[in-house]
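Let me begin by presenting the structure, written as structure tokens, before commenting on it.
By letter and in written order, the chains are A, B, C and D; residue numbering begins at 1 in each of them.
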Amino acid sequence: MPATFHGVIPPVVTPRHADGTLDVESLKNVTKHLIDGGVTGLFVLGSSGEVPYMTNAERELAVRTIAEANAGAVPLVVGANEQTTNRVIDEAKKMVDLGADALVITSMYYAIGNAAETEAHFRAIHEAVATPIFAYDVPVRTHYKLPTDVLVRLAHDGVIAGVKDSSGDDVSFRQLLLATKGLDGFSVFTGHEVVVDGALLGGAAGVVPGLGNVDPAGYRRLYDLAKAGDWAGAAAEQDRLARVFDIVYAPGNRVSGGAAGLGAFKTALQLMGIIESNTMSTPMESLNEAETETIRRILVETGLL
Amino acid sequence: MPATFHGVIPPVVTPRHADGTLDVESLKNVTKHLIDGGVTGLFVLGSSGEVPYMTNAERELAVRTIAEANAGAVPLVVGANEQTTNRVIDEAKKMVDLGADALVITSMYYAIGNAAETEAHFRAIHEAVATPIFAYDVPVRTHYKLPTDVLVRLAHDGVIAGVKDSSGDDVSFRQLLLATKGLDGFSVFTGHEVVVDGALLGGAAGVVPGLGNVDPAGYRRLYDLAKAGDWAGAAAEQDRLARVFDIVYAPGNRVSGGAAGLGAFKTALQLMGIIESNTMSTPMESLNEAETETIRRILVETGLL
Amino acid sequence: MPATFHGVIPPVVTPRHADGTLDVESLKNVTKHLIDGGVTGLFVLGSSGEVPYMTNAERELAVRTIAEANAGAVPLVVGANEQTTNRVIDEAKKMVDLGADALVITSMYYAIGNAAETEAHFRAIHEAVATPIFAYDVPVRTHYKLPTDVLVRLAHDGVIAGVKDSSGDDVSFRQLLLATKGLDGFSVFTGHEVVVDGALLGGAAGVVPGLGNVDPAGYRRLYDLAKAGDWAGAAAEQDRLARVFDIVYAPGNRVSGGAAGLGAFKTALQLMGIIESNTMSTPMESLNEAETETIRRILVETGLL
Amino acid sequence: MPATFHGVIPPVVTPRHADGTLDVESLKNVTKHLIDGGVTGLFVLGSSGEVPYMTNAERELAVRTIAEANAGAVPLVVGANEQTTNRVIDEAKKMVDLGADALVITSMYYAIGNAAETEAHFRAIHEAVATPIFAYDVPVRTHYKLPTDVLVRLAHDGVIAGVKDSSGDDVSFRQLLLATKGLDGFSVFTGHEVVVDGALLGGAAGVVPGLGNVDPAGYRRLYDLAKAGDWAGAAAEQDRLARVFDIVYAPGNRVSGGAAGLGAFKTALQLMGIIESNTMSTPMESLNEAETETIRRILVETGLL
């Protein structure tokens, strides 16, 4: 297990046809593109996969499609995205049945919880589901920061196998790394695309980069450089990836925060010929032609087109 | 329709047995208690009904139970509580099939939306479901305040039949009332238990009071006094109800914000012999003996016990 | 004292010449306009007076000018706007020397405090300055909501003579009114222009309306109707004032939240011939011609021009 | 200039006697302790210096004392802590007269501004004061995150000489570093004590660590290791410092967020015999004996006592 969850595990985007239906062929292409790029795992039904916007039928179809395309090549880490404990358990069981090697689970949302409920939430899910659980810290969506002391306790008690941190709180990230250093079978991943060098220097096990859909090989390179102790090289690669990341600013405020970054990843993949359309889930707007041109320019400048 | 949605429409609590399972008999008792108290409608699967914590099976059972106990006495307004547009549509269709006379729907949550997506969200749901829709403004849960201009546009276009406002923003509440004054078939409800007199004075159609589970007759009295133009009487009744509302402060910070108010309502109903247990949904803690004693004292002082 | 602080106490705007310097003659005109409109007090150096943007020299000049123009006609309630306890005390002493009949004081800001520090803050200031203190609850600026239990304790201990509530939290406002009902020499004011009828119905002593600069007589009328028990009349007057309040939306998002409302008040006063220019304090932008036309139209429609 | 502002520039704490008055002798000792520790500059009147709580007289005394003790050894970077543009200008001029080599200035607070006003704010101050300006990004206090595009524009226009980042937003921190790479005379500092290795790896010029009061030599070592390209060594030193940083958690929630960290730094300095008392500015509580013991234990474990 400790040997399994590390490296680059991108959250797989969910392509749609122009009419909004899930595009199975493009999803297979993305999966292949990622595995060819050297990723060490696939995060299915993540925020970058637009999981919040997918119906239950679509979620099932996406997991089945990726699992088939992956064919056991790398581990499948699957999001069980629901708002409260018992609803997460129902969803998690479905995902395990569909082949999840690990589950990614947030704190409750829409609910008005606290630290004690959050701890009880993860313990109850762990009791109900044997599959390894990654706690997903994403306060920009849940509006609740997972407390470091709760995470450390859950880690030491074997309730969670790791943390996927998209909190943007680098201080608590470092404290979590220190407090779980050397803990067997526990791994901390950063979800922030542009600070991976620093995260790995601080002891992170890897990264879950949305931008990894676009440049999986770049993230793998960065990871390998870091593992080899070539930190200057890792920082240079990170700087290059940070310039690629500028694609997410192409739409400015024309679309929502949810639609901007994910729309940019899809648009890049479309430009690269990997997916058919950059269509977003309802009610998000897709990026337009001008924004597509901006993204094309950045991809050309950074050598990806 | 305009004649239907007005007055006192409490969000029905969802009683559980001590083992956590849904308590069907107690739920029937609560429904009867509310109808006997003179409520003009029932809000099923609301936040006060702990809908975020209920599994799909429990949601269905609760609606069926209340519908049966109600037997057509008053309209059923039912929450379709899901995080994004297409998921809400799936949920809304289920609730219509179960007998909903109107639907209560929030903006998206967990998603990172904006005003345009919010407007598209409500329009898409209205297109998919013919049943009247109340927009539920509850930023403490969704972390997004429904913009007044969006609500006014949706109202004038007949997309929404009303608003249930739990925003705590009395300024935008008044602006919404002014901008929809005299709009046929549109009604604005406040969700705040202690400012109903002022809301009705400003033109609100009614109230959706969680505390109405405990004292439905008090809210009906307040509503009738206001309709009769006896504003001093309405204010006096409101002051009495505000003192009853103090039960929600019984647990202080011992439990979460979600568990405090709802736990107090359940504890009061248990003390009044209407439900069997004050057990909360997982992972929320129930109120303890000391807190129960505080609540008993308040109920005695305010004449409810 | 209890007889003194009630009714309509508008926060006096601070007019500037087009070159940005304080316009003493216009400030005298505004003061006269307010007293002629029947206000029961003047709030000097409030947020609507742009106090955060005024230098110390300007603050002193403004208080001296208003005090002279007022000539003892109504009480002067003066803001002592500083970020922490000892700095407030220094500022408060200056304001008392300049003739303040009462002081308006917020919780700390920029500092990262808590409830205990907030209570100690007000107690220390009260100990240092004998003049009556109004606690000013304005979380949109301080980013801290004054806790109701702290306010109630300070009220009963005679530390504060009242509260000016701009919290937008109507629930805690009502709880504060209930908890201080009948407390001699203590008065609660709402700072929200469009919910004054409901606030007075709930027991508020009066209102501190920024919009009262534009229509002091309207607010006095509303107050008198409420005092006479004509609540339907009060609500109708409130509805009219809420339509006047629409002037604050004239600039939309072109200027900052700070500049929009205050800029609208100044522009209205300029159109009414009471002040020379609608120039705002650095670095706020003044409203432009198109916005001025919108405001002119609203003033004409509501009978103020 | 570019050669000047780099390395370790701790925000100097402001010691007080037990009676609350400023302790000049202890302040001299701290200054000496820092210079002996190898710091490359001193940040006077920073948040860690409790500047928000200091009266104007105390601010002047603190700057004079540190300037005298420093005797030109390292540059003095001085905070001009005021809430709006013209008030900052008045304060900045005072600090320049007292010997500031550079100024540290935040966006406005208590004011409700926006990006345009923020840019105008810094431009107006730069026009009024010739001394180099560091923009201080501290949203936890100002409740406004400095927009990266504004900072980049101000940097390229020579309005600001650098940024002190305490935003906790590592993504925008990296984007700022990339966008100002190689810009002559511009330097970016992190204010976060536990992620300095990653910040330097990403291109930061240095750190402004509150904890640097306690262990200036440790931060200098970390900086030197990073400059020498020994990143594994830098990370190890950072890990050690992160363990020292645990002293800030000693009081838990007993005191405010403002009092916890700064109280811990003062308590550590008192235990180390560098300052006389750990007394905090009014109305903050000082750490108690139990908390002092926790801190003593951490200092012993990390080799500082």
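Odds and ends about this structure:
Assume a residue touches a chain if its C-beta (ideal position, glycine included) is under 8 Å from a C-beta of that chain, and two chains touch if they have at least 3 such contacts.
Going by UniProt, the chains are A, B, C, D = Dihydrodipicolinate synthase family protein.
Source: prediction; values computed, not measured.
Touching subunit A and subunit D together: no chain. A separation of 49 Å divides the Cα centre of subunit A from that of subunit C. Our note on geometry: subunit A versus subunit B, Cα centroid distance of 36 Å, whole angstroms.
Contact of a single residue of subunit D with at least two other chains is seen at no position. Taken as a contact graph, the chains are arranged in a single closed ring, with each chain touching exactly two others.
The part of subunit D that touches subunit C in the complex is made up of residues 52-56, 81, 83-87, 90, 108-114, 116-117, 120-121, 124, 140-143, 255-259, 281-285.
Those residues of subunit C that touch subunit B in the complex are listed here as 168-171, 173-175, 178, 192-195, 197-199, 201-203, 229, 231-232, 235, 238-239, 242-243.
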